[in-house]
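Two complexes, one shared chain (chain A), two partners (chain B, chain C).
== the complex of A and B ==
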C-alpha cells in the first residue's frame, strides 16, 4: 500500500491506455509519456503496462506502508526518500514508513514536466474495460475514476519478487532527443484537411514556434501562434480521431488532442503528431514552445521502431544486470 | 469536393479514416455499419469505429505498405450490402432555452428563426443513432433538419453539462457527461447514457433512435 500525503492536483493512476472501447465512445486515456511509464516498469521488471502514478503538479508526497521497490521516471523532480536525495530513472528500495517527496521538476537536466512513480508489482486498482487508466470524463478506471487526493491509499499488486535495486537507465529526453532551433520538435503526418489550408498556413505550421498555452491538459494542448486559415470555412461530419490529431477550430489556433481527448471530433485536421513522438509532447511544459516537423509514413514507422528498440534495449540491459547479480 | 469515390486519409500511424461520398444519409450509414463489421476482421486492425458516414480503422499494428488495406476497404465498400436498421426508440423530455440552453441565441442569430420555430423543428424528427463517440455513451444522431444547422463554435466551451442538447454544424446530440464541447447548447434533458457497471455499458447502440419531447421552452 502507498498512502498519498500531498496529492498536488490532477495526479492520476495510468497504464498504457484503454484500447478496444472506441465503439462505446470511450477514449484511450493512458500515460501522457508512455515511454517513461514503460521504462519505469522495465526497471522494476514489471509488465510494461503495469499501472503507475502520473504526477503533473508538485510538491507530491507518498508514504510506503511496506518495504517497496520503486522508480521515479519522467521529469527530474529531485526526489527525496525521507531526507536523502535519490536518483530519478533508478530502482530504489523504500522501507516501511519511509516518505518519498517529489519537487517541481528542473528542466536544466532534460526538458520534462510529468513524473511517473512506478512500483514493483504495479498499482493494483481494478481493470475496467481492459485498463487501469483513469477515465476522467467517464469517471471510471484508476482510483474511483478521479484524480488523487490527500489521504488516498493505493493497493500494490504482489511484486513478482525479483525486482532489484541500485541501477538505472538514461532517460529518453537525453537518449532520444529531437529539437529544432533549440525547441522540442515533434513529427507530423498531414491529415485529411491539410490541403484545404492556405499556403501561408502551411508555411506557419512548419516554420513557426507554437506556444503551449495554460489552457492545456490531458484532454488537449491549446496552442498559440500565427492564425491557421482554411481556404474556405469547413463543417465536417463527426469522425473518429486519435491522440496527436491537430485540429484547427474556426478561431485559427490549433488544438492537439491528447490522451484524454474524445475519440471523435469534427473540426478540420491539419495533421497528426505521430504516435512515436507523443511522449515528447506529453512532457512539454505549459508555456514552452514546440516545433512541428513534416514526416512521411515510412519515417513515422521508423520512429516507432526506434522507440521500441530503445525499450527492448533497456529491458535487455536490466535483465543482464539482474541476472549477473544473481550469479554473484 | 463532390466526388463519387470514398476518401481515405491518415490519422498519424494509429488509424486510417474512410469517408463515404455524397450527402449524409441513413442508407450510406447502413453501408458504413456493414463495412465496420468486415473491416474489424481485417489483419492488423484493432477496431473499426463508425462515425457520421465515415469509418475509422484503428490499427493494432500499422502496415508498412498501406496500399493493400486501402484497396480492400474500397473493394468492400462497393461490394457490401447495407446493414438494415433494427433498434429501439427512446423518448427524451427536453427543456429548451434558459440556463440549460445558453447558446440558443447563437442559433437564432445564425438561422434567423424564432426560438419557437427552432424548438418545433428540432423536436419533430425521430433521430437515428448513427454512431457512438466523443465520450462514453455519447450518440451521434442523424436526421436533423438542415434549417437549424449552426456552425460549431469559434472556440470550444471548456465545460458543458451532462444532458446538454446541442447543435454542431448539421448534427445534433445529447452530452452523456460533463465536458468540453464546440457545439451550441440549446436545451437540457436527463438520461444515463453510460454506466460502466452495466452490460453493455452504453444505453444505446447504432440503429437505435431518439425522440425529443418538449416539456418547456424558456426565454
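== the complex of A and C ==
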C-alpha cells in the first residue's frame, strides 16, 4: 500500500492506455509519457503496461506502508526518501514507513514536466475495459475515476520478487532527441483537411514555433501562434478522432488532442502528431514552444520501430544484468 | 632484480604510447606511480618510509565492467562527487553506461574522494582506474 500525503493536483493512476474501446466512445487515457512509464516498468521487471502514478504538479509526497521497490522516472524532480536524495530513473527499496518527496522538476538537462512513480508489481486498482488508467471524462478506471487526494491509499500488486535495486536506466528522451532550432519538435502527418488550408497556413504550420498555452492538459493542448486559415469556411460532421490529431477551430489557433481526448470531434484537422512522438508533447511544459516537422507514413512507422527497439534493448539488458548479476 | 627507478624514463615512454592512465609499481623501496593524462606522464615516487606512515593508502576504485564513464547522472548537470568530498559506503560516486543500462560505481567504504582518473563521457575498459578514495579508519585494524 502507498499512502498519499500530499497529492499536488491532477495526479492520476495510469498505464499504457485503454486501447480498443474507441468504438464504444471510450477514449484511450494512459500515460502522457508512455516511454517513461514503460522504461520504469522495465527497470523494475514489471510488465511494461503495469500501472503507475502520473504526477504533473508538485510537491508530491507518499508514504510506503510496506517495504517497496520503486523507481521515479520522467522529469527529474530531485526525489528524496525521507531526507536523503535518491537518484531518478533508478531502482530503490523503501522501508515500511519511509516517505518519498518529489519537488518541482528541474529542466536544466531535459525540458520535461511529468513524473512517474513506478512500483514493483504495479498499482493494483481494478482493470476496467482492459486498463487501469484513470478515465477522467467518464470518471472510471484508476482510483475511483478521479485524480488522487491527500489521504488516498493505493494498493500494490504482490510483486513477483524479481525486482533488483541499485541500478538505473537512462531516460529514453535523451537517447531519442528531436529538436528544431533548439525547440522540442514532433513529427506530423498531414490530416484529411490539410489541403483545404491556405498555403500561408501550411507555411506557418511547419516553420513557426507554437506555444503550449496554459489552457492545456491531459485532454488537449491549445497552442498559440500564427492564425491558420482554411481556404473557405468548413463545416464538418463529428467524426472519430484519436490522440495526436491537430484540430483547427474557427479562431485559427490549433488544438492537439492528448490522451484524454474525446473520441469524436468536428473541427477540421490539419495534421496528426505521430504516435511515436506523443510522449514528447506529454513532457513539454506549459509555456514552452514546440515545432512541427512534416513526416511521411514510412517515417512514422520507422519512428515507432525505433522506440520499440529502444525498449526491447533496455528490457534485454536489464534482464541480462539482473539474471547474471554481472557486477558487484 | 633491477630497481625500477633505473628505468623510469623508459617506462614513461612506454606509457605515453598507450591509453593506460595509471601505472603503479610497489616494491620494498616504496611506490612508483606514473600518471598519464594523454599528453604527458607525471612521475611520483613515494618512499617506503612515507608509504608506511600514510595510515590509509588511497584505494583505487576500478571499472567493474567496460562502459561509458559518467561522472554524473545523465539528468544532472553537476558531477556526483568532487575531490575532497566525504562519501559513505555504497554511495554511487559515478556511473557506467552500457546502452540504456546505468550501473553505479559505488564507494566500497566510507572515505574521502582524493582523485578522479576518467573523463566524463569516456569509454573505459574493465579494470580502468576511475576514482581514488582515501578510506576512513583503515588504520583502526
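Worth pointing out:
Here is the rule we use: the second predicted complex is superposed on the first by the 325 of 328 C-alpha atoms of A that agree within 3 Å, B and C clash if a C-alpha of one lies under 4 Å from a C-alpha of the other, contacts with A are read in each partner's own complex, and residues count from 1 in each chain.
Heads up, the rule we're going with is that a contact is a pair of C-beta atoms (placed from the backbone, for glycine too) under 8 Å apart; a residue touches a chain by one contact, two chains touch by 3 or more.
As the structure is a prediction and not an experimental result, all values here were calculated from the model.
Considered on the superposed chain A, chain B and chain C are sterically compatible, since they fit side by side.
Touch criterion met: A:189 reaches chain B, while chain C stays clear of it.
By the touch criterion defined above, A:89 lies against chain C but remains apart from chain B after alignment on the C-alpha atoms of chain A. Taking the Cα centre of chain A as vertex, the centres of chain B and chain C in the superposed model span 170°, given to the nearest 10. When the shared chain is aligned, no partner comes close enough to touch A:48: not chain B, not chain C.
Between chain B and chain C, it is B that contacts the larger number of residues in chain A.
Contacts of A:299 after superposition on the shared chain: neither chain B nor chain C is touched. Once the two complexes are laid over each other on the shared chain, residue contacts for A:124 go to neither chain B nor chain C. Of the two partner chains placed by the overlay, only chain B lies in contact with A:240; chain C stays clear of it. In the superposed pair of complexes, A:167 makes contact with chain C only, with no contact to chain B. In the superposition on chain A, contact is made by A:275 with chain B only, not with chain C. For the pair chain B and chain C, the least inter-chain C-alpha distance in the overlaid model is 26 Å.
Shared interface residues of chain A, touching chain B in one complex and chain C in the other, do not exist.
Touching chain A in their complex are the following residues of chain B: 7, 9-15, 17, 19, 24, 46-47, 49-56, 58, 62, 64, 66, 131-138, 140, 149, 151-156, 158, 168-171, 176-180, 182, 194, 196, 200-202. Residue ranges of chain A in contact with chain B, taken from their complex: 19-20, 22-27, 128-129, 135, 137-140, 189-192, 215, 219, 233, 235-245, 249-251, 255, 262-267, 269, 272-276, 297-298, 300-301, 304. In the complex of the two chains, the chain A residues touching chain C come out as 39, 76, 87-90, 106, 108-110, 166-172, 174-175, 310, 313-314, 317-318, 321, 326-328. Remark: chain C residues 64-65, 73-77, 92, 95, 97-104, 106 touch chain A in the complex.
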